[in-house]
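Take a look at the structures listed below.
One chain, subunit A, links the two complexes that follow: it is found with subunit B in the first and with subunit C in the second.
The block that comes next holds the complex of A and B.
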């Protein structure tokens, strides 16, 4: 089976990149191909990279509080390119009610501080397996 | 997405469709042969430039600067950036895009990261096929960045029209001992990080090496004809040969750059143009590309034979059956191999497929 491709990105002006790096390394060690784009990405840059790299998953790491504008914007941009099959997930400092609002919008699970990386890996692998089954 | 619809979108220049086609080809998914076959007549337009060199030499930073220059000249640019797959987990961290941020949003630019997936030559096994896809999509220039390499990863030279080796002052020590490998296939040498001590010395060392290599072909000059200073200084001879416009012969220039300050890139672009002109005028371009096609066909034949033989249960059980006598020394591995090949005629012809 081919490796799962994941874009791990840090949108906005938030400089907390420790989490994104930890997650990127953990996903790589779980056998995924992880494209890491560095700090300070605009939603346009993230969507463009996701399209060109043909990723299965976009993982956004946001600890700045700007998630309610940044995450929907990324989602709109990838949908505009006809790619509503990409899972958008992520983590950081995101209050519970915002997580709920975003999930209603079709965003995948969002993980908070202290989540064991095994949990993120299991979630992404499960999502991918389900999608592959649907496509087959 | 149906495959017709996908190829229509590809023809219409949609990046999402290009990205999808690249994935199909990279993963050898069903239909990839058909796609590559259909695209083949449209390949051959793009100039393929390979950038190789040790880890952290500045390949990605320089790639981004080249992209910018090519865009200023109105050219469309595709980039393939390769990073290593972990042999233990199968995972990969593809980080070259980080340095290409400045050109990431330009619609005339398409950047694709690839993992080596077990291939050891500095590129992924499918990099050439992906380059064909980008070429057929209509890019004028393709920049192919290898993994950070040592000396033996030479796939790039079999993939690109022009191969540039990016070195840094710290590479100095390893140069001294180099006889074979990537130093011999590079068409252009770039000493990056020239803001650091040792850059001039490295440049001179590389020129010396190139001059000595050339010297072999000047070797017939009899020593008693007196002292020719130019011949006595191979580094200088190489520098002069590289500067002289000679359409029949190419001496690799040794350039220096400071990528973080965008210094020296104009010279690099000029050297790339000169090399391409040399390839065209000398007939080497056609020769290199024909060689590439020859290898492609041979690769495909090998791949197909491998799959046809080893996925065939009858062949595998014949092999199993023979193993005890090989173990006991009654048969040799060679004899068994010959026997399997003799019995596989139709399989190899692929008549089972139809």
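The block that comes next holds the complex of A and C.
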């Protein structure tokens, strides 16, 4: 199986990148190809990078409270490019109610503080295996 | 220390001294034998299977006078005396308690103004402004990049008009205000000074602090605007101008908090923060300023993490290192230049989303460590802060935690009560030594600015963060409710603060109104004067203050300087 390609991205203005960097390193150590955008990205910058880099997964990290604006916008932009096969997942400080709303909108799982990196690695691998099977 | 009696003659004094030394060395020999015997038994004894480490440093099972002997009486001093290990005030908390200063801000200036009045009515003794992300980055609330972020993580302040509302009914000559703002710090500082003028309060009467610590932004917190060199110039402009015009203001709060929260160990927090402090001092001196004109207004800000004794030792070591370097390296003579005064905040990163009520207990222990370390002011986190901004109720519990500490526990009754503890003195000395080693390493990579440009400092912090995550996942580090003592079943639901969606729209409307009411010719004139001054070496503070008075917005002022300075580009890696 080819390696899973992941874009780890920080949308919006918040500067908390400890989680994003720890996750990026953990995914890389788990054998994935990881691209990290750096801070302060607009949804447009993230969608463009995802398409250009031809990633399987976009992992969004948001701790600023702007998730209800920024996550759907990344999703819309990626879908507008015809790429609804890309998994959009992520994490940060996101209240349960908002997680539910976003998941109903087709966003993947959103992980909260204290999640072991093993849990999200397993999630991404499982999602990828299922998608590959469907495509085969 | 044994005190010698006043000698009657030189010969008698010598004999007395010899007798004392013999007595002491006999005591030490006995102690060495006792420690050796104990160690034999201890090493054969039953021990729990966990790592007894402390921020990646092995700690001994017991400390004795043999360890503490490495710390001389000179290294301790008395409270209020060099090298200030035991505190900067001779009377400690017996003279004055620490300032209870809860960091707060959300929604509009009006919402936050109400929260401030609530906190003051609850007995809080100082204000602390949390700005939203657009403000922290220098964007107006109606800028496209602010969409979805206005008022979410703090209060939205885009011009003098918002600042006037924020402090409406709060006389600025009677409170001290701390503002967590860095990239555009001097702009918000000028809004505050101009708001005070509107209240009829002269700038010389203002008391408070702006964080204004850009080096740790590049290192850890990441709310930057300009490249490093022009950003440092603005900070020195602020030191120079404030010494005359706002003499009671702390022009910077050199912060370890964010460095620690980003993953640094206690020793790294200590060393990187102090190295930042030394860099600012060097820049001030390079400008031609006498160190004693600006150093007394430099203040610090520390993170108070979980390891109780290590945190106390860190604060004591910080005071001692600062005093020694300021005196020996930078030739400061005013005792106030040598005294490290600081604010502390309990460590946000230690709070857990799981079983959030447990956070009340974590915060209480951390707050006690801050008091035992002699903090000048303290913010205690609220239990719900890993989930959202705190509710009024949870903020009240956090403030009550400080009040119980101050009025019920007896902790403030004795100055530096852990002074002389074999463990705490040894840790203090060890942390000082580790910091000195890190200073050398920073020097070897070319100093703080070079270390930021190459990413050396950021990498060090990332490595520590990754190691801590690994320890948690391997159960080498226990986090109650997260990797041990996990509760099954539904999570405890606590009420969360929600920011009204109308905030952004209403703030946009207020901005439009303000823009149409102001004198646009004056706005253009002031911005153009600032742009011109920015390309010279003139002090920019008077120009920025003039812009603030004319209701130029945050982003307009930011952009005026950006057209000359350019923007910072982050070195991206993980």
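Keep this in mind: the second predicted complex is superposed on the first by the 136 of 136 C-alpha atoms of A that agree within 3 Å, B and C clash if a C-alpha of one lies under 4 Å from a C-alpha of the other, contacts with A are read in each partner's own complex, and residues count from 1 in each chain.
Criterion: a contact is a pair of C-beta atoms (placed from the backbone, for glycine too) under 8 Å apart; a residue touches a chain by one contact, two chains touch by 3 or more.
What you are looking at is a predicted structure, and each value in this text was computed from that prediction instead of being measured.
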(message) Which partner chains sit in contact with A:36 here, subunit B, subunit C, both or neither? Use first/second/both/neither.
(response) both
(message) Per the contact definition in the header, classify A:44: touching subunit B only (first), subunit C only (second), both, or neither.
(response) first
(message) Let me test your reading of the model: by the given contact rule, A:17 touches which partner, first (subunit B), second (subunit C), both or neither?
(response) second
(request) Return first, second, both or neither, reflecting whether A:108 touches subunit B, subunit C, both chains, or no partner chain. (result) neither
(request) In the overlay, answer first, second, both or neither for which of subunit B and subunit C A:25 touches. (result) both
(request) Please indicate which partner A:118 is in contact with in the superposed arrangement: first for subunit B, second for subunit C, both, or neither. (result) second
(request) Indicate the residue numbers of subunit A shared between its subunit B interface and its subunit C interface, in ascending order. (result) 24-25, 28, 34, 36-38
(message) Could you list, by residue number, the parts of subunit C that touch subunit A in their complex?
(response) 133-134, 136-137, 139, 145-149, 152-153, 217, 221-223, 261-263, 349, 352-354, 386-389, 462, 465-466, 469, 472-473, 479, 482-483, 496, 499, 570, 572-574
(request) Spell out the residues on subunit A that touch subunit B in their complex, using ranges where they run on. (result) 2-3, 24-25, 27-38, 41, 44-45, 48-49, 51-54, 81-83
(request) Show which residues of subunit A lie in contact with subunit C when the two form their complex. (result) 8, 12-18, 20-22, 24-26, 28, 34, 36-40, 42, 64-66, 68-70, 93, 95, 112-114, 116-118
(message) Help me check something: in the complex, which residues belonging to subunit B touch subunit A?
(response) 15-16, 19-20, 22-23, 27, 85-86, 89-95, 97-98, 101, 104-105, 110-113, 115, 117
